[in-house]
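First chain written, first letter: the chains are A, B and C, and each begins at residue 1.
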Amino acid sequence: MNGYLGDVAALARKDLKLELRARDTLPAMVLFVLATLVVFHFALPADAGDDASYGLLWIALVFTALLGLARAWAPEREAGALDGLVLAPSDRSAIWLGKTLATLAFLAAAELVALPAFALLFAPLDLGAVAGVALASLGICAVGSLVAAMAAAARGREVLLPLLFLPLAIPLVVGGVGASIADDPSRYLAFLGLYDAVFAILSWAAFEYVVTE
Amino acid sequence: MPLGVVVDAAASPGAAPMQELRRVTDSLVTTATHVIRVESLEKRYGERTVLRNVGFAVRRGETHVVTGPNGSGKTTLLRLLVGLAAPSRGIVEVSLDRARVGYVGHESLLYAELTALENLDLYGRLYRVPERRERVGMLLERFGLWEARAQRVGSFSRGMSQRLALCRALLHEPELLVLDEPYSALDADGAALLDHELAAPDRASTVVVATHEPERLDPVATGRLVLGAR
Amino acid sequence: MSIPKPTLTALAALAVGLGGLSVAMIFFVAPVDSDQGLTQKIFYVHVPIALTAYAGFGLGAWKALRLLMTREERYDLESYTGVHQGTIFGVLTLVTGAIWAKASWGVWWTWSSDQLVLFLVLFLFYCAYFMLRFSIEPGPRRERISAVYALFGVALIPVSFFAIRLANDFIHPTVFTREGPQMTGVMFAAFCVSWVAISLVAYVMYRAELAGKRTDANLRELREALAS
């Protein structure tokens, strides 16, 4: 694999390797999402319907993603490795894409635990719901990587990241919850696809401007 | 002579085209021999002016030494040269693209959780280094890091990290090497290795070094720039 | 003979004049609504304010795009001021919307107004813009990151609007309906005058703020140059 995609693959592989060695982000995400689901059980009133619990699933997913995103650029911040990547002749957008794919892998791993747990503890999940989770996760990681890079350049970045991310995540929550609840999820899935397309392209094109002067 | 200079209005009409042609030719020749051209450079961060009215040029093959007290903007200048920063005013012209520039900064630019080999392999891939494995191995040996190649960089001593950073910068055989106080983190062995690199007669590259000890580079320095204190 | 560009003072005077005219038209010319009575008059103010907010965000995004394309520093202040004005008018939209809701239905907030909900989301988004901007050291980095964020904002506007529409299916069923007013000619005239007046006010504020910020920046540069 040469050229652009090869760069992306090398960068994504690098992130997976780093996580495998350090093992700090993924276990935290998995534990967090499980703990959140348990908290939600106690937070839901007895007569709350299934619909409410789907809403809570999405809150859990968004905040678990935030946890992962907060650490997404941490390896690059140590020893200034981001400068090293930016200096390389490869396209800067490849840095974003590699990071997005790696973050997506971590989020997917956490969801592999979270979704069965949710189905067990709360309500069943059909194909539409799972497709919604998949599509929304794409959007979350695409926008999240970019926004996390912005926050990384700022003071108080831990607080800033959720503030930047949550308004952008609202449409994803709408799409995801809709896909879980509605009898016919196709409208919501199409909307999620639209979001992904618009914001992935925007993030892909804009990343260069976020990491260079 | 910069390209695009205004034609001298005082010259006679007949002479103007010839003068202009000469100016253009001059500047083309300049670009052919100069790797770096900096003119009236100013760098501001908000209200703080870090560099003011800096100008110099570096020819192919030169070793240009940048000195100045702390806070005089040496690091900022070097970052401007490699493109990690953009000038507020003035011109920074480097006639090479990113693929032919090597940089060693204050930080090692390496991943602590990866091994030396993995770090160099990643950068080798990004810089499209031909025969990557061989080149990585050769550099590791040259800088005395072959034994430590499978160790986490996080476990390296400062001297070793700096040596690895040099390997990273030299991996793609850059035509321009920009080093920001490379000796400050190097141990004695590493410093000797760097001296050797810089003095090598077959060294193809142009070098810009910022340093606190300019005397060390006296044998090889061909140009100097002193940045003023604020 | 060339027509001189109107000075800011002249524009401000015109804005005040038009504002007065629009108030007169709203209260004395436009008919009183049969259902909602006087409270419907807020519409003449609320909608133009909302449109002006959109214009502010749009202007901010356009200047942001110009900044990224040309690297010219002046676009940064222009983009920021556009976003700032948009946010001010966005807050006013929420406030006038709340007043209207209270006067019409007795509640300060309703989720059934898609536009109000959209403005709530945008308010959150653009508040974060300011937090982002002022957490970064001034310089090209801050300019570019602010610009990218402003561009994301305008992309978010239509996407959020669709999302809110979609969400209506499973979020609180619409209890209150707000009829899109069928405007008679007189009402439309009053609306237009009001819209022009409010847009003019926004433009004057934009120019004033921009001039003020530029003067600040020049002063700082001078001070810096003198100090060294």
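Quick notes
Basically, contacts are C-beta pairs under 8 Å (C-beta built on N, C-alpha and C of every residue); 3 or more make two chains touch, one makes a residue touch a chain.
Computed from a prediction, not measured in an experiment: that's the story for all the values here.
Chain centres computed from CA atoms place C at the largest separation from subunit B. Centrality annotation: A (chain centre taken as mean Cα position, compared with the mean over all protein Cα atoms). Between the interfaces A-C and A-B, more contacting C-beta pairs are found at A-C.
For the pair subunit B and subunit C, the distance between C-alpha centroids works out to 48 Å. One finds 31 Å separating the Cα centroids of subunit A and subunit C.
Subunit A and subunit B have centres, each the mean of its CA atoms, that are 38 Å apart. Listed for subunit A are residues 212-213, each touching two or more other chains. Residue positions 85-86 of subunit B are each in touch with at least two other chains. Those residues of subunit C in touch with two or more other chains are numbered 139-140. By the touch criterion given at the top, residues 71, 137-140, 220-221, 223-224, 228 of subunit C touch subunit B in their complex. Those residues of subunit A that touch subunit C in the complex are listed here as 51, 146, 150-151, 153-157, 160, 163-164, 166-168, 170-171, 174-175, 177-178, 181-182, 187-188, 191, 194-195, 198-199, 202, 206, 209-210, 212-213.
On the subunit B side of its complex with subunit C, the touching residues are 44-49, 52, 85-86, 88, 230. By the touch rule above, subunit A contacts subunit B in their complex via residues 6-7, 10-11, 14, 17-18, 21-22, 75, 78-81, 83-90, 212-213.
The part of subunit C that touches subunit A in the complex is made up of residues 68, 121-122, 124-125, 127-128, 131-132, 135-136, 139-141, 144-145, 147-149, 151-152, 155-156, 159-160, 162-164, 166-167, 169-170.
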